[in-house]
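The two complexes that follow have chain A in common; it is paired with chain B in the first and with chain C in the second.
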Partner chain A sequence: MTAKALLARAAQWLPALVVAAVVIGLWQGLIVAFHVQQFLLPRPSAIATTFWSDRHELWPAGWYTFKEALGGFAIGSGLGILAATLVGRFKTVGTALMPVFIAANAVPIVAFAPIADAWFNPFSPHSKMAIAAVLCFLPVMVNTLRGLQSSSPRQIELMRSYAASELTIWRRVRVPTALPFVFTALKIASVLAMIGAIVGEYFGGATSALGVLINSDAQIFQFTTAWAGILTASLLGIGLYLAVAVAERGVVRWAPRAQGS
Partner chain B sequence: MALLGFWELYRWIWTTTGWTWPFVVDDTSMPHIWTIGHAFFQPTQVNQPLLITILLHKMAFTAKEAAAGFAIGALVGFGLGVLLVHSRLLQRGLLPYIVGSQTVPILAIAPMVVVWINPKLPTGLQGWGAVAVIAAYLTFFPVAINTLRGLQSADPRALELMRAYAASRWSILWKLRVPAALPYVFSAFRLAATASVVGAIIGELPSSIQDGLGGAIINFNQYYTFEPQELWATNIAAAVLGIAFFLVVVAAERAVVRRAPENVA
Partner chain C sequence: MSAPEQTVVSVEGVTKTFAHGNVTALQGIDLSLAPREFVSLIGPSGCGKSTLLRVIGDLLEPTAGRVTINGKSAREARSDGDYGIVFQDAVLFDWRTVAKNIALPLEMLGWDRQRRKERVAAMLDLVELNGFADHHPWQLSGGMQQRVAIARALAFEPALMLMDEPFGALDEMTRERLNLELLSIWEQTENTVVFVTHSIAEAVFLSTRVVVMSPRPGRIAGAIEIDLPYPRTVETREDARFFELVTRVRELLRLRGEHLLPEEEAALE
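And now, the complex of A and B:
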C-alpha cells in the first residue's frame, strides 16, 4: 500500500475517530461538570482504569465467555449451513419449510436460556454453547437457503446447456451467489453468539464467566467494574464481528458491496 | 404437529435406551407434551388463578413494552437512516458505532438503564417505560441499517431526473427515496418485531419487573426442578407472542408494500 492509499484509508476512518473522541470527551466532561454520582454512570477514565487494573480477572473471564460464544457460533452456523444445503437440494421441501423456519425465527430464543441450563449442566460451558448455537442456527440457515435459491435461472440454464453436472452447477453458480448471504448471516450470528453466551450466564454459570461477573458486580453496585466487563464483552463481540468481516473480504472478492452489513 | 410428535418420539427413544447424550432425558428436562398442555389450565398455587390467565396478563404487559419499544426504535431507526443517507460524513462517523452498539450485551446494561430512566418517567410509565427503551435499543439497529440501504437503492436515473426538475431534497425523499426503501424497511420491521419482544423479555430479567414474561421466566425457573412444565408453558407463551408480533408486521407489509421485496432481508 502506498502512502497515498494509507492516507485515504485514514481519512475514511477520521470521522469515526472524531465522533468517538467527542463522545468520550463529552461523557467525561459532563460527569465532572455536573458531579454525576459514580454509581449511575462512571467516568470513561474510571472504566478504562478498572479495565486495566482488573485485567487479571476480567480478561480471562472474557476469554472464557468468548470461547463459549465461539463454540456456539461454530456449531450453530455449521448446522445452519448444513441444514440449508440439505433443504436447498430439494426445492419443494425448501419452499414448504421456509415459512416454518421464518416463524421459528420470530421466537424469542433467550426465553429458552434457563432450559438449556437445566438440560446441560449450568456450570459447564456446554449449556452456553447450546444457547448461542440455537440463536445462530436460524438466521444462518434462513439466509443461506435464501442465498442458494437466489441464483439467476438464466445462469443455471446456461450451465445446463453446457451439460454441467448438478455438482458443478452447485459449486460454480449456487455457492458463489449464496456466499454474500451466508456472510451477512454469519455477521449477525457473531453478534448473537456473544449475547447468547452472556444471557445464558445470567441464569447461572461458572464464577469465572464474564456474564456472571458483570451481573454480580452490578448487584453490589460495583458499576465501574460492571462497565469494564461490558467493555470487555463489547470488544470481544466486535472482534468476532470484524473477524467474520475480514474473512468475507478474503472469500467474497467478486461482490465489492456485499449484502448489507 | 410434527414437532410435537418428534418431541415425544425423541423422548421415548432416549428414555427407553437410557442414552444420556447430549443430555439426560427425564420428566424434568423434557416434560410430556400433555403435562405442559395440562399446566396451562392448572392454578400455580392453591386459590390462585389458572396459569393461562396469569400468562395472558403477563403477555399483555410484555406486549405493551415491546410495542412501545418497537415504535420508538422504528422511529429512531428510520430517522437515523434518513439522516445518514444525506451525509456521507455522518455515515462515516456514526455507522461503525451503530453496528458496534449491537455487540454491547444489553442484558448487562439493562439494570443500569432502568436505574437511570425510571426516576425520570411519569408515574404511568414507571417500570415498563425503561424496558421499552431497552426493547427500542434492539429494534432501531436493523431499521436504521435497512432504511439507509433502501433509501440508497433508489434508481439513480430517477434521482437525476428529479434533480433536473430542481426537486427539493424533501420531495426527492418522500416521492422517490421512501417508496424505494419501503420493502427494505419492512423486512427490517420483521426482524425488529422479534427483536422488540426479545428486548422486552431481556429488559425485564435484571430489572425485577414481575408483571411480564421475563419476570415469569425468572420466577418459574426457580421451581424448575419441581414444576418444569410451568417454565415450558411460559416459554410457549413467549414464542406465541414473538410469532404474533411477526405476523402483525407481515400483515402490515402486505397492506402497504405491493411489490415483492426480493431478497432484501
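And now, the complex of A and C:
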C-alpha cells in the first residue's frame, strides 16, 4: 500500500475518531461542570486511570472471559454453519427443523443462563461457553441458510449446462454466494458471544472472571472499577469483531466495498 | 436413432406449460437443425424463445414432446457437454475475475492451466477486453459483461451453440463487429447455432434460416431460408436480396402476431 493510500485510509477513520473524542470530552466536561457523583457516572479520566492501575486484576479477568466468549463463538458458529449446511442440503430436514429454530430464537437466552450453570459447573468456563454458543448459533445458522439459498437460478442453470454435479454447484456457486452472509452473521455473533459470556458470569462464576468482577465491584460501590471492567469488556468485544472483519476482507475479496476504493 | 449425423437438434411436438401462472409457453413445436445450420429464432417478447432454448438445453423439462441432440436425449447431450449457452443476461460470477469467468467451462472440462490461459487470452482479444482480465464483473458496464459471457460460451468451442439475445445489450458498432466475428468463428468451426434475437436485420444477416415464432401460445409461425452467400460482409447488408429477405421476415412477423391490434387479432382467429 502506498503512503497516499494509507493517508486516504486514515482520512476515512478521521470522522469517527473525532466523534469519539468529542463524546469523551463532553462526558468528562459535563461531569466536572455539574459535579456529577462518581457512583452515577465516573469521569472517563478516572476510568482510564483505574483501567491502568488495576491492570493486573482486570486484564487477566478479561482474558479469562474472552476465552469463554471465543470458545462459545467457535462452537455456536460452527454448529450454526453445520446445521445450515445440512438443512440446505436436505430440504425436508429443513422444513421440519425450521419452526424449532424459530421458537428457540424467541427464548430469552438470559433465562437459559442459570440452567447452563446447572448443567455445567457454574465455576467452570464451560457454562459460559454454552450460553455464548447458544446465543451465536441461531443468527449464524439462519443467515448461512439464507446465503446458501440466495444463489441466482441462472448461475445454477449455467453450471448445469456444463453438466456440473450438485456437489460442484455447491462448491462453486452456493458457498461463494453464501460467504458474505456468513461473515455478516459472524460479526453479529462475535458481539453476542462477549455479551453471553459476561451476562453468564453475572449469575455467578469463577472469581477471576470479568463479569463476576464487574458485578461484585458494583455491589460494593466500586463503580470506577466496574466501569474499568466494562471498558475492558468493550475493548475485547471490539477486538473480536475487528478480527472477524479482517478475516472477511481476506476471504470475501470480490465484494464491492461500501466505501473507499 | 435414424441417421444421427443428419440432425443436430431435433425438437418434436414440444409443449411447455408452466403450472405457475398456468402459461402455455410453447405449443407443439417442431424444429430440426442440420449440422452447420445457423438458425435464428425471432418473435415478439414472451413468445417462448428463451423457453425453447432452455428445453433444447435440458434446463427445462418439456411438458410433452421430445428433444434429441446428435441422436441422444437432451439429458445425455447435456451431461456430455455437447452445447454452450449464452443467456439473455450475462450471468457472471462476482467472485471470479473476468479471466476466471471465461475459464470456468474450461476448468469444468479439465483443461490444464497453461491451455486455459492461452484460450482466455485469445477470447479476451476477440471481445476486446484485454485490459480487463483481472477486473471483477461489477466493475464492467452491462455491454462489457455481456461480452465476457459471449467469450465464455465460445471459449470451449462447443459443437452446438445456444445463444439467447447475446448482443441485445451492445451498441450497434460492437454488435455488428461481433456479428462478423461470430460468423467467422462459425465458418471456421463445424458448429451449429440456435440464435435468439429481436433484430430482424441481425437474424437475416447471420442465419441460414430464420424461424418466426408467434405468441400465446408460443408456436412456430413459419421459417424463411436465407440464401445470401457466405462469407457475409459489410456489403451484404446493402444487398437488394438482403432487404428483400428482411421484408419477408417482417411481413411474416406482422402477419403472425407482432403488434397486432385487438380487432386484427380477432380477425385472425
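Assume the second predicted complex is superposed on the first by the 248 of 261 C-alpha atoms of A that agree within 3 Å, B and C clash if a C-alpha of one lies under 4 Å from a C-alpha of the other, contacts with A are read in each partner's own complex, and residues count from 1 in each chain.
We adopt the following convention: a residue touches a chain if its C-beta (ideal position, glycine included) is under 8 Å from a C-beta of that chain, and two chains touch if they have at least 3 such contacts.
Remember, predicted model here, so these are calculated numbers, not experimental data.
Colleague: What's your read, chain B or chain C touching more residues of chain A?
Modeller: B
Colleague: Quick one: classify A:160 as touching chain B (first), chain C (second), both or neither.
Modeller: Only chain C; A:160 stays clear of chain B.
Colleague: In the superposed arrangement, does A:56 touch chain B (first), chain C (second), both or neither?
Modeller: Once the two structures are laid over each other on A, A:56 reaches no partner at all.
Colleague: Regarding the shared-chain residue A:176, is it in contact with chain B (first), chain C (second), both, or neither?
Modeller: So A:176 only meets chain C here.
Colleague: Using the touch definition from the top, say if A:4 reaches chain B (first), chain C (second), both or neither.
Modeller: Neither chain B nor chain C is touched by A:4.
Colleague: Have a look at where A:107 lands relative to chain B and chain C in the superposition and call it first, second, both or neither.
Modeller: first
Colleague: Is A:214 touching anything from chain B or chain C once the two structures are fitted on A? First, second, both or neither.
Modeller: first
Colleague: Following superposition on chain A, which residues of chain A contact chain B and also contact chain C?
Modeller: none
Colleague: Per the contact definition, I'd like the list of chain C residues that touch chain A in the complex.
Modeller: Residues in contact with chain A: 54, 57, 59, 78-81, 83-85, 87, 89, 91, 93-96, 104-105, 108, 136, 138.
Colleague: Under the touch definition given earlier, write down the residues of chain A that touch chain C in their complex.
Modeller: It comes out as residues 152, 154-155, 157-158, 160-164, 168, 172-173, 176, 179, 252, 254-256.
Colleague: Spell out the residues on chain B that touch chain A in their complex, using ranges where they run on.
Modeller: Residues 22-23, 28-29, 89-90, 92-97, 99-100, 102-109, 111-112, 115-116, 145-146, 149, 190, 193-194, 197-198, 201-202, 205-206, 213, 217, 221, 224, 228, 231-232, 234-235, 238-239, 241-243, 245-246, 263, 265 of chain B touch chain A in their complex.
Colleague: Mind listing the chain A positions that touch chain B in their complex?
Modeller: Result: residues 12-16, 18-20, 40-41, 102-103, 105-112, 114-115, 118-120, 126, 143, 146, 150, 181, 191, 194-195, 198-199, 202-203, 211, 214-215, 218-219, 223, 226, 229-230, 233-234, 237-238, 241, 259-261 of chain A touch chain B.
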